[in-house]
Every structure is written in C-alpha cells, then in structure tokens.
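This is the structure I want to talk about, given as structure tokens.
Order as written gives the chain letters A, B, C and D; numbering starts at 1 within each chain.
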Amino acid sequence: MKMTKTLVFRPERCLMCLSCVLACELKAVGMEDPRDLDPNSTRKAPRRLSMALAGGTPWPQRCRHCAQAPCEEACISGSIVRDEASSTVRHSPETCVGCGTCRLVCPFNAIFRDESGDCMTKCNLCPDDVVPRCVCACQTGALTLSSGDRQAQEKKRSYAREMIGGRGNG
Amino acid sequence: MAKQRVGYFEDRQDPEAQCSRCRMCELICAFYHHRVGNPRRARIRVVALGKGADIPVSCLNCEDAPCMTVCPTGALQRKEADGMVLVNEDVCIGCSMCVSVCPAGAVTLDPVDGTASKCDLCGGEPRCVAYCPAKVLRLTDADLISRKRMRTYARSLVHTEEGKPGEDRK
Amino acid sequence: MAMFQGGYAGRFLYVDLTNGSLQVKPLERDFALKYVGGRGFSARILYDGLRPGADPLSPENLIVFAAGPLSGTPLPSASRLVVAAKSPMTGGIGDASSGGYFAPEMKYAGFDAISVTGRSPKPVYLWIDDGKAQLRPAAHLWGKRIHATSVALKAEIGDEDIHICAIGPGGENLVRYACIVTDEEGVGARTGMGAVMGSKNLKAVVVRGSQDVRIADPDRFQEVIDAYRKTLEGEAWTETLRRLGTPNLVAHRQKLGIWGARNFQQATIAEWERISGEAFRESYLVKAMGCMGCMVRCRRYSALPDGPAETLYMKGPEYETINALGAKPYIIDPAFILQAHYLCDEYGIDEHGAASAISMAMELYERGILKKGDTDGEELVFGNGEAFLRLIDKIVYRKGFGDLLAEGTRVMGRRLHAEPYAIHIKGQEVDASDPRSLVTRALTFGVATRGSCHLRGFPYIDEFIKPEEGLKYFGTAAVSDTKALEGKGKLVAWSEDWITIANLMGLCIFAWYRSRTFSMLIHRGLDLVREAYTAATGLSMTGENLLRCGERAYNLEKLFNLREGMGRESDYPPARFFDEPMPDGPGKGAHLDRADYEVLLNDYYRARGWDPATGRPTPEKLKELELATS
Amino acid sequence: MADREAHPVGCGYGLLGLCCVSCLQGPCRISPFDETAGGRPCSQDRDWIVANNLMERVARESLRTMANYRKVLEGASGPGKRIFASRRKAMRLLLSPFSQGPNPLLEELFPEEAFPSLHALGFPRDSWLTELLDAAAGRPPERRESEAILTDAIRLSAVALAAGALARELTHPSQDPAEIALPDAPSPLLILISDEEGLPDEDREVLIGRIDAACRNQVKIYRLPSVAFLPAFGRRVYEKWGIPLSMARGIAVIFSSSLTPGLAALALGFSLVPIPGYPIQGSPLLENILTQKMRTSLGHAYLKVSPREDPCDAILRSLTI
C-alpha cells in the first residue's frame, strides 16, 4: 500500500451537485451519455457511490478500500480480494453468490445488492479507467485521485503556515 | 496531569534554537516504532514552508478528537482520561477516515502495515524530544499553544515607548 | 531484496539517454562487500564502463549517483551523495559529494546507485517514483535557474516532498566547472559534474520513495546512535562547527597565515574580521540547518537584503565560499560574497572555478599581460566586485571574455601562454589554502586523484597527533612535527584511505569524521563505523577491512587516472608554490623545496605500495586488494 | 479530471431535465434510475419536474417575444401606418389579461381546418397573459398532472408564435407569404429554420449544408429565416393541397437555443427535429406523449436524435416511416 492512488474528498469544495453519483451509475450500466437511456426500461443502476449530508457537510458514501477490509474477510465465495498493487478492494461479480454478508459487515454501507444480477456490487475504483468516472465528473475538484499520505501532508502544511502566523519569516 | 503532546518551541532570535530540518525526529521515530529507516512511516513530519520556516507537525491530542469520533471500529481510544489518543492495530481496518478528518493531518496510514499510525508519545518519553539536536521539541500539555498565542496577541496590542507597535504587530 | 538483511537497497539503475532505456540490475553480495558503496561503486562502474581517452563531454561519458549502505538509515549525518564521472576539468576521474536529502531518498526509492550514459536528443529529466523510473521531457525547464526549476518540478509532479538534483544554466552551457545542486541547498561543486549532466541534456534527477531501509540488528544500531551522540557532547570541534559553521576556519587560516589571497600572491588578509564566521553570524545568519539526520547542523541559512522589498535567502556561505569569492579576488565585503554566492548557486557553477579564473585574469590584468580590450572593457583589478558579478553572468552564458573564463584556469593558462599564473593541480584549482608552509598539506593536494582537494586526505592531522600515537600507528614519532618529512607519506596514505571510508558509507566528513584529538578520530572513524555497518547490513566488517576497502576504492581511482595517462608528473603542485616564497604572514619566505617534495612523493608511493617511478600500483598490491582483473 | 475528453461532461441531470430549481429547498436532482432518490421536499415525481422545467423555460422565453411584440405594436400606431382600428384593438387584446372569449386574430392565423393538431393539442383560448396566469396557477402545492402542464406550455408557445407572426406582419408588410412555391401534388416537405442569425456558427452552417445535400432528392427543402412564417406556410399548404399540415408529413428542423419555436412548430403539425435536443428524456411519460402517442393520434411527432447519432440519419429515417 505504498504511495498509491486512493479517492480523496475535500468537503469545502463540494456543491452536492451529484454529478459523481450519476457518472458512476452510467458507468454501471455501461453508458456514456444520460440521454441514451431507454425511457421505458425500469432497470435500476446499482448505487455504488452516494452523497450524504453528515451534519451539514457533504460526505461521499462509498467503499474506502480498507487495508484489512472486513468485507474481504467476510466474503464466503472469495470474490472480494484486496489488490495490493493498486491498493483497491476488488469485487468480482462473476464469482459472487449474493449472500450479502459483506453488506452486513461493511461499516460504511458501501456494498449494495445489484438488482439485475443476483450478486452484490461495490466501487472497484474503475480499474480499466486511468481516472475513475466520478473524479472525471466532479467539476470542482472536491473528489480527486491522490494518496492519503499527500492529503495529510497538505493539511500539515496549512496547519504549519497557520501556526507561525503566515509570516513564514518575512 | 493535563493531556500531553509534542510541542514545537522556537526562539527566532537564536539561530540554533530553531528547527533546522535535519529530520532526525522523523528518522528516530520510524526507527523506534518500526525498526527501519523510512521517514514516511514516522508519526512526526517536518513541513518546509520556505524562507527558513520549517515546522515539525505531529498529533495535537485534541480535546474531543475528531479521529476518535469518526473511527468506525473504535480503534482510536484514550487509555486514561487525559492520555494520548492511541491506535489499536488489531482493530483498525485501515479505512483512513481518521486521515480525512484530522485537522492537522497528523494521522496517516502506515504504508506497510496498512493501519492508522499516529504519535503515541513513545509510551511517555518521546524519542523525537530526546534526539532533537536543536532541543526545540518538548513534551508539553496540549492546550499550551493557546496561552502562548494569547500572550503574543496581547503584546501586539500594547504600544512600546518609541511608538513602534509591538514586535509581533507585523 | 532478500540478499541483504539491511542497509543496501540491493538494486542499481542503468539509464541510457540515447535510446531512453532504463534497466534495473541487482547488486551482488560480493560486489557490495568489496566496494561497499558511494565512491567505491562509482569508481568500479566508471572504470568498467569507460574506455580510456573518451571525451568527458561526449555521450560516451558515464555519470554515477551513488548512495552508501548507511544512507537512509537513522544513523546521524548519513546523508552524503557521491556524484562521479570522468571530469571535464581534470580529464581523470572526478567526483563531487553533497549533503541534503537526495541520497537517503534514493535509498527509500529502492536504488543504491544510478548510472546515466548516452545523450538525450531533447532535454529530459529522470523521475524515479518509489522504484519505478521514467524519463520525462524537460524542454520547459531548460534555461531555468535552480530555484525556478525546483518550483516548476514540484508543481508539475504535484508533491512538495520530492528531492531534486538539478543543473542550472551553467551546466546547460557546458561551463567546465558547472556544479550539481541538490534540493536548492547541497552543492556537488568540484570537478565539473554539472557540465557532464549538461552535455547529456539531463536537466535533473528527481526522486521520491517510501520503501524501508531495513536494519539487520536494530538494538546494536541503537547503541551506535547513542555512542555517536555521546561523542558529540563536549567536542570542541563540533561546538564551533554548530556555532559558526565551516566559516570558523577563517580565523584559523589567518592565524596560520595560509590564505590564497590575490591568486596566491598574498597569505594574510588585514581586515579578515569583516568576513569571519562571527561577522556572518551577526549580520546575515537566519538559522543553522542540518542535512538528513545531522546532529551537528553546520549548514548556514542566510538572508541578504537585496533592496528594500526583496530578501535573498540562501544556504549560507561555507568557508570555501569565503575563501573563493572573498580571498582570491581580494573583495573583502560580506554582502558581495553572499551576492556572488547566491548567483553561483542559482546558475549552478562552482565558486572556486569561477573565482580562480577571474582572479587569475585580474592578476594578468594587473601585470599588463591582459589589456582592457581583451577583458570586454572590464577594469579587472583585485577588489572590483561589480566586474566580478558581471563576469559571472558572462561566464554562465559564455559571452565574450566569459567564454574563455568558462574553460577554467588550465585552459586559460595555455591559451594566454600564462601557465605560471594558473594555480591548479591536474586542472582543478587549488582550493582550501596555500600549502607552501605546510608539507603534508602540499602532498595531500598534490596526490589527490580528483585534482587539488583538501577533502581527499586529512592534511592537518600532524597538527594535533601526539608523538606516541604517531609511533603506534605510523611507526615514527616525527609524524607529529609539521615541518619534518619523515613518515608523512604513510600519514597521507592512511588519512586518504580513512576519509574514503566516509565516502563509501555515505557519511559526512565534518559531522562524523573531523575531530581535534586523534583518539576520537579512530574511535568514531573506525570503531563506530564498523559497528554501524555490521548492525545495518548484517555483513561482518573489521577495522582493517574498512581501511582496505578505502584503499581499494582509492587505488581503483588511481588506476583510472593512470589509464588516462596521468602518471607521476601530474602529482605535483603548481610552479608558484616551488619558485615564489610566501610574501607575508607567519610562513613568510617559506616555499616548497623540489628535492624535499621528491622525497615525500617517493615515501608516499612506497607507503601506498606503488612503483615510485610511475606511481602505478604493483601487481602484489593489486592482488592484495583483489583488483587484479584489469 | 485527467482524461476529460474521453468523457465529455455536461451536467447529466440538466440534459435529462431532472434538475429542479423551482423552489428554495432545492436544487433537487432526481436520478433517472431510481424513482425515489434525490431528496424532494415537495415529493413531486420525475414527470412533473420535467414538465415544470419545460413550462418555466417556455414562460421565460415567451416573455421576450411578447415584449418585442408590444414594442412593435406601439411603434405601428404612428402616422402613415394605417391598420384598421378593429385589428389593432384585437392585437392589443392578445396581450391584455382581461380579454374574454377567443381572439379573432388567432382564428384567422390558425384556421381549424388547416391546423387540426393545434386544436387537438390545445388551442390558445384568448390572450397570452391569461394563458400564462392559468399555467402559473397550476404550480404546487395544487397537484397538476404533468400532461396538463405540457399542454399549457404548448398553448403558451402557440400564442408566442402568433405574436411573432403578427409582429413580422407589421414590420415587413411587403413580404407576401403567398409566393412560397409548393409542388402541385402533396409531397413530403423539409423546413430548415435557424433563428440564430445573430450568433454566427460554422458548425451549424456545415450541418445545414449536409442535411440539404443528404435529403435533396427525397424531399422538397425550404429555408425559412424564422418560425413566424410557419402559420402562413400551413395555410398555404391547406389552400393548395386541401390537407392539413400533419397529414402532409412536413418535417421542421429547427436550430435554436430556445424551446418555444420548436414546440410551436410541433403544435402546428410539423414533425420536429430540434438541434440541440430538448430536456424531456428524464420523464418517460412526457417523452412517450410527444413521440409515440402523438404519432398515432396526430400523424407527426417529436423526433428524438440520440447524442452521437448524425441528425441527417434521423431525418432520413423519419422520412421513410
């Protein structure tokens, strides 16, 4: 889990425009443009990313790709595997039997049952895309692909600057 | 005794009594905890702001710590009422919620173990304080910073005799 | 990785800029045991990789960035990086070392050494991210000064925690004595490594890593760290070093009267207090800085108010800066020294190179050999600061007279038929002091493999070694008498091997190796390093083996120079030190005696086990050092 | 955000018309997939939101047209511009909120026989302002069916079209619509209208050229400067061929950044190919009304062009139905 890419969220930039949610759903049904949707089909897209308001501040409810993922341990069919190279927890729908134990153990309610298939679904951080679809759709840069380490360093930097009163020695 | 943390106390008039970015604190911290040389796994990081401003930043031991409240598995706890917030490695699942909410960015995920890693005061007598060649890191109680800033603010309100505003006014 | 329990990262990176190939090769165990690291690796790689007679500024040349086995470990002051290549100044092997954070970061990225050859068609920089290396276009960085380059790189990569080894406009325009600047602070200055990078169109090497540097035996390593800390308390040398940094030597030079002022025509400076360590500490010092893990913190960080609004912040003046920019052109003005120092670091050229070339031109101008017409109308008299600054710009962009100055004193001597005024050994300007009154110093400068250099041996051991220690280690008590010749060969040979150990391990010569008492020298220099190496890497190492590794690396460099045709005749100080007596100061009237120097040189060659006539290591010595291969 | 070109990003909700900003609790964005998602204090469903967005947009646009109409009307009452008092009174009535009963001018512009689809869809009863106020009265909390809102929008756009035609009549009396040359036998017609003269746009000209070239042989192409000609065109078709527009299988391709011209043309009986398309896909019900239901009941319809499809193919496909 070295200097790898994970989703980093900056609440002060989020407008709750939900474009990320729509982009993720469109990717789930394999579409590029919402207008291609067939109006009569009642197929629901699996909801892998949703935005919640935690005490007034926006908060993306999604898979956080934990290092020791409870869902990985709970999965009876072994279809949830943590991929160290890209530090993401990958779920493969083919081998999933749809028992739902992962949904029970996930502390973030980030795993849902996929209506169309009889299996579960969660965010796999768009393995085939260079940049995940939700990051692409976010216009204000609230949702970005960087490493947790760098986010911590940025906060340390702003804290340090604030601590010396911004004078930075003249 | 009051809650403790590692504080940075510099004296801008004395060239030796300021952080000289030798990063010995990072090296010795990583060595004490993980027995390796790797500053990225240290729990204290020196932030270089340029123009001679280098500030070591580590856990502030907040009163109601956001990392404790947001941790889904309760891995971040205080042993005694006024002790340091400590990480329980076996319970931590590496979801990096604490990394997102920590105001000073002092909590990071350890690149190798994948669990949260933050300052734990080395069990009472921190190594970074012992090994800092400039002796600018000291074990202080957590709310000292505010008193110091109150004093500097008060001093800035008082006009000195020659009519020049207090040195900190700038 | 499994080959080493710790210390070594176990991987070398070989880069060929012509076809952009990046190869990672493992580090063999016996290669590591024989050449240890740093200058050992670079000497071996250069010796094997280069054919004799290759032009230093051609794609054929090879530049090696090498870290030591102790770089990256929490051992204090294990921060030195060695950059080596065939030198455009001397034509032999050249290396420069610089402190800061680059070598440790290289280890965290998983590489012990990086070797770059070939020339890239377009400017590029090498970006090493946690074990993966790639070449990225750097056309937008070409022509930028050092600070601007690192700001642009940090913005492009989007991370402040990266470490950069870059060249400035000086290196790009192939100024012979261009230097390499790491993290805008550490300067690998001597022997023109920047020009080699410039000739390869390599603007910078940028590195970031998060891998562990493992320690084989952590508890034992902890003891070494604590032992080292104990040696620092109450050590006079480290106390002055922390208070004043290297400029504390200004007072020492004035006391001994060994300045190289006015291009070595004057040995003392009347108003030396104006440029002493105390003066700089009073008016310009911001704070003391330290390289990675250094508990001595000799680095200075100064601020020079440049006009009402702007203040120039810079890594402060070292003693060499004051000696080069202050004494040689005899401009005794601290503000000027800082201004010129800031320019040299931003442009990426070596202060000694520029100062020697300009002060030689000043001497030729005062003697009438150079007219106003030749010097683009500059009034080149000693003490003319404005002309000096203008000439620096001309040197960097090779405009007019600057183009000749950029070639260095040796080439100037040939072209202007003024060899006696070119004070250099093997093409490298004499730096630290005037050795005419101190015999060991002269020998150390003379035989240094990278040209005149005070960091190759430890010239003033004879000032504080006690006679009984001399007897024990060097077989003769006369060693402690600075004037005597006897035993000095063995002393210089020993101190060269002993200092090479620092460059092998990646340790800093000031913070770790310097001391005013010989017993502390041995304790820290051999015993603690042996302990640290064994604890870190798990490979057993003894004191004698350490010295032999140092000797092996040194002999390899000597073989490289011999292969380039630099035999015994290149081990002589310039004619001025023999013919002209010291004009003033305590050593007034002293000059090197040719006969004495011959005796010294023969003594040194015999101590080294080299053939006195040619200076070539004898086959027995090569077999003893297991260098018999080529 | 790295490969933005790979996924051209417009706001998905806006394109579908599912972003409702009509009250201060909003904006609420309804997911096209999940009926219940997207917090809605007013708990309206998707169809109502799409219809409401249509309505608000048409209302806003008609304001501009009617303001222009009023300015022309005041200008026309000066000396030397003789129009019969009764006609001016009727014209002014088109704007007043208190007019009772149908306005004779509307009858004159849209005769029953020439435009049966307009009468079926929702013939504007009296004046613009009454239409607007009735439509506004239907806002929440009274629950108003989305279909009703759609007919309000059509009625409003028809009035706006009428006002546009009358204003043109006053400003360009000389242009006699009669000389539109129609072929003798009824045959399919293609009307290319671009009312964006003010905004030069090469892509649009190129597209028009392509459509022109592609459909030249199958259909008779007319290039009209603005939608105001359509009522006269419809009447002309009825006089010459005796059949109303919707049976004449006329297709109107309208390049416009506003909604009203297209909606009015659709009401008059043209099959509509709007470029860019209208935000109605968000509600299956409305889309169904404007496409299938209209096709079956009235013979012409709104032709949906999917984003990556070339408009020429859509037009050719609709010609063959």
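Note that a residue touches a chain if its C-beta (ideal position, glycine included) is under 8 Å from a C-beta of that chain, and two chains touch if they have at least 3 such contacts.
What you see is a predicted model, and the numbers here were worked out from it, not measured in a lab.
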item	value
Of A-B and A-C, pair with higher C-beta contact tally	A-B
For chain B paired with chain D, centre-to-centre distance based on mean C-alpha positions, whole Å	66
Rounded Å distance, chain A centre to chain C centre (Cα mean)	51
Geometric centre distance via CA averages, chain B-chain A, whole Å	30
CA centroid of chain A to CA centroid of chain D, Å	42
Multi-chain contact residues (two or more partners), chain B	40, 50-52, 111-112
For chain D, residues contacting two or more additional chains	none
Multi-partner residues of chain C (at least 2 other chains)	160, 210-211, 286, 311
In contact (per the touch rule at the top): chain pairs	A-B, A-C, A-D, B-C
In the complex with chain D, residue positions of chain A that touch it	17-19, 21-23, 25-26, 29, 32-37, 39-40, 43-45, 47, 50, 129-131, 133, 135-139, 141, 144
Partner chain C, residues of chain A touching it in the complex	2-3, 146, 149-150, 153, 157, 169-170
Residues of chain B that touch chain A when the two form their complex	8, 12, 40, 45, 47, 49-53, 55, 57, 72-73, 92-97, 99-100, 102-109, 111-115, 145, 168, 170
Touching residues on chain A, where the partner in the complex is chain B	1-3, 6, 8-9, 64, 66-70, 107-108, 148-149, 151-157, 159-161, 163-165, 167-170
Chain C-facing residues of chain B, complex	15-16, 18, 20-24, 27-28, 30-31, 34-41, 48, 50-52, 111-112, 131, 133-134
